[in-house]
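After this come two complexes, each holding chain A, first together with chain B and then together with chain C.
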Partner chain A sequence: MQKRLGAQTVRFQSPVSFLATASVAGQKEAQGPLSKYFDVIMENAEWGEETWEKTESKMQKHALMRAVEKSGIDVKDINYLFAGDLLNQCISSTFGLMDFGIPFMGVYGACSTMAETIGLSAMAIDGGFANISAAVTSSHFCTAERQYRNPLEYGGQRTPTAQWTVTGSGAAILSGTGQGPFVTHFTSGRIVDFGVSDANNMGAAMAPAAADTLSAHFRETGRNPDFYDLILSGDLGMVGKAALIDLMYEKGYMISKNYDDCGCMIFDIEKQDVHAGGSGCGCLASTFCGYVMDMIKMGEIKNILIMGTGALLSQTSSLQGETIPSVAHVVAISTERNRL
Partner chain B sequence: MQKRLGAQTVRFQSPVSFLATASVAGQKEAQGPLSKYFDVIMENAEWGEETWEKTESKMQKHALMRAVEKSGIDVKDINYLFAGDLLNQCISSTFGLMDFGIPFMGVYGACSTMAETIGLSAMAIDGGFANISAAVTSSHFCTAERQYRNPLEYGGQRTPTAQWTVTGSGAAILSGTGQGPFVTHFTSGRIVDFGVSDANNMGAAMAPAAADTLSAHFRETGRNPDFYDLILSGDLGMVGKAALIDLMYEKGYMISKNYDDCGCMIFDIEKQDVHAGGSGCGCLASTFCGYVMDMIKMGEIKNILIMGTGALLSQTSSLQGETIPSVAHVVAISTERNRL
Partner chain C sequence: MNNSNQEYLDYIEKNSPKSKLWRNMLLAFLVGGGICTIGQGIGDIYEKVWGLNEESVKNAVPITMIFLGALFTGFNLYHKLAKFAGAGTLVPITGFANAVVSPAIEFKKEGYVLGVAAKMFTIAGPVLVYGINAAIAVGMLGYLMGY
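Coming up: the complex of A and B.
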């Protein structure tokens, strides 16, 4: 049986099961609708550290520690750690995860990182290279805001399309043995550039990449959107979510019934002053590793697509007037493994 | 037959062959001893672009274009592109490779990137997920220097242990069919932190990580250093090279006979004023994809280990007084595939 279904999609043959996931979230996130699903809630933005960068590292460390505890495995049993984050040179992952002593595969996919690391973990397991692999990422409002935009003290006014970087982290432990839920497919994205260059409108920049990968997934698997109980993008926010629904409709897919975006779910957008919604690697990571996995365990959803969408800009590329190319990766998850 | 040999090493079962490699290099590199092995030599540091960042993107683009030409395949036949670089958010890879339209897996391994991308490409092929995969990376003296250290116009004096970032790029195309040379093993590294915090002494920071992964490779494969015609690290430079020889000796391995470092080979260290030697992702990439592959093709070397070593610092972590944790990944290459 072929693993490769098309130009972008692979189907896993062996069972690739989530053993456990864990999520860490900040105070603002804990005041939102998904509060009770986070494993760890930080007391404040510093969480006892001297710098926000150290705090973000601590978030990844605690997310992975908690996931290891929940899974019942020994850290030594993890064969690979696929991890990355938004900070320059991915220092949250480096400093947060170095003490675990696990072979470390650094990944950079901007906010698509959680989907990319889960996809690569599944490939390592199904390919016979790992029994157990972990996927970790994070974002922190304070580190991201000052790196990509302005010093926090500057107090600049936010545009209506701006999103609020989620302070959150998620860790997932995947295994070749386990009772599910299972990773069944991985559709990896191409870089798509629609010429958007406004760093305060990431949703618009990322939606075309999301539509490109999502439509490839349906085309190559022969599935239609109705197959899934939930189609979940990571951080398109209100603007990107609406754009994706339109773009998919143009491609012949009606997704509005069962589609939502973590950036629109993690905050109460009316009340929490987050403008277009949440963003950042930690948005999908903390929502998926908390709320979504709990819904799956409670039997509320059985088949789900998660899609990480990454805006591949840097402060340098923005200042040099470049556009914002984006990439999206899709992971299909089911309570039943592939029947082959 | 088990693919996993130990905590860090996997052995490939199916043939994972290099179809072609190509290298791009700057003027200073072209004045060094490996000049005639580069595929493309840039006329100057700008190479017709408005910014050095755009130049670095162009280097990756041309490296991959040339490798595709040499391999005789169609770009559409490449299933995955594993790529990354040193710039914040890996923008060289994003802007350089987006037009190819290949599923894009962003990687961040600092200067270990070439070994990580080759290793992941081999895993994708041997795991049954790809027929053909490409690995690309780059560095540029001018982009790296101003990002990590000082504006070039500042003209600060360099310390004796400082290295010179190589302006170079390399692209490798790997396939499940082909006549070799073959990727036979991949030993992935753990993050190692020996407490070095001098961003002008990367060799010392990276050598402990190199020793950790290299000794794991020998231990887990049961091979000793003599098995290889050449053991090649990416960019330890003179300081790191000497440190690695010592550290390996302490671990019971004598590597001085058949070990060298691309950072010591790519420049004439006496004459080219590069202090401790070359560094950057492009150092291993352009040396391996040029000189080393030519040596293999001419039958000069049959079994080779390449090791990418990455210093996982950022300007922020350096300014905050953090140490420089490092990681090294090892890829074993042979003109004969694994006999199983």
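Coming up: the complex of A and C.
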């Protein structure tokens, strides 16, 4: 059977299974509704490090260490490490993961990184180039603020559409042998830009990219939204979530029944003062590697779709008045492997 | 950009939550006014209790307010007030102190030269550049017009 189903979707032939996932989360995230599903909770934002960047590196390190521990494999058995983050030149990943000594593939997909690295890992395994591969990403509120916005102590106001960068990390270990859950499909996204230029409204900027990849996934797999128990986007937030539902409706897909967004789940939006919700690579990473995987293991959900959504802007492009190009990657996960 | 994109931008404009303008203006007025009232009070104390002359008070009050703005920024309090006050904490001279001190604290990790010193004016720098230039322009104009 063909592995490639269409312009964007591949279907995995060999059983690509999750061996283990692990999540790390900060205090604010631990005060949110998903608290009990995180593997490691940082006692404070610094977590014993001198700089925020070192803290974020430590988060990736601990996420991967915990995932390795849970999987029971040896670090040396991991053939590839696909990882990235939001910081310039992805320094959280390089500094956090260098001690593992695993061949490293740096990935920049902004907040879509978790889905992208899982997809790439699955491709490496199904292609026969790896037996075991790991996908890691992170974000930290303080590193993101100082790089993209203002110093923490600066007295500014956030707009109602602004999102709160999640302090969190997630690591997933995938293998060609395992009991599932399995990665069954990967629909990689195209770069889409509908002309939103407000960096404080990333959900709105990313929703068209999300709709583009999601509809491509349904079209190319011949599935419809009802096939999935849960469709989960990474960090569209309140504005982007509503926009995606409407965009998909226009394309002829009703997703509102089984669709949710990690940015709207990880915080209590009313009580935690996060405006439009959570964002950052760590938003999908810590939600998926914690809560979602636990739900699958408990048998609550069987077929799920996770979609990482990334805003591919930089401070330079933003200052030069460019609009925000975005990308979304979709990974289909099931408790049952693809049948040949 | 084609029409469907414009439609989307209009849709987003319509459906994004808006800032609560009246509430924000009221809070800015109250907090900003409060900060200025504190400044006035300090000025009165300098003048009436300590006996400073008018010229000295004009210098001493901004110095005190800048000090307080910097101090509260250092105590991690100023931005918490700013969250509610908005322009009320931005416009008074304490806001200027906050704009200088906050990057100085944040970028200390990059060293005293390329961190603290270089980044200190990333927010306040434009205010200085255009403020001073505007002052020069107005001063020249005033001179030429014979004031």
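By definition in this document, the second predicted complex is superposed on the first by the 340 of 340 C-alpha atoms of A that agree within 3 Å, B and C clash if a C-alpha of one lies under 4 Å from a C-alpha of the other, contacts with A are read in each partner's own complex, and residues count from 1 in each chain.
One rule holds for everything that comes next: a residue touches a chain if its C-beta (ideal position, glycine included) is under 8 Å from a C-beta of that chain, and two chains touch if they have at least 3 such contacts.
Please read all numbers here as calculations on a predicted model, not as lab measurements.
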For A:152 in the superposed arrangement: first (chain B), second (chain C), both or neither? second
Considering only the touch criterion stated at the top, classify A:239 as touching first (chain B), second (chain C), both, or neither. second
Once chain A of both complexes is superposed, is A:214 in touch with chain B (first), chain C (second), both, or neither? neither
For chain A, which side has the bigger count of touched residues, chain B or chain C? B
Kindly classify A:51 by the partners it touches after superposition: chain B alone (first), chain C alone (second), both, or neither? both
Between chain B (first) and chain C (second), which, if any, makes contact with A:162: first, second, both or neither? neither
For A:195, decide between first (touching chain B), second (touching chain C), both and neither. second
Chain A positions touched by chain B in one structure and by chain C in the second: 51
Considering the complex alone, what residue numbers of chain A touch chain C? 50-51, 146, 150-161, 194-196, 201, 204, 208, 238-239, 242-243, 246-247, 276
Sort out for me which residues of chain B touch chain A in the complex. 3-4, 7-8, 10, 13, 51, 53-54, 76, 79-80, 84, 86-91, 94-95, 97-98, 101-110, 116, 120, 123-124, 126-131, 147, 188-193, 310, 312-317, 320, 322, 325, 327
Applying the document's contact rule, which stretches of chain C touch chain A when the two form their complex? 1, 5-6, 8-9, 11-12, 15-19, 24, 73-74, 76, 78-79, 81-83, 85-86, 89-90, 95, 98-99, 101-103, 105-107, 109, 123
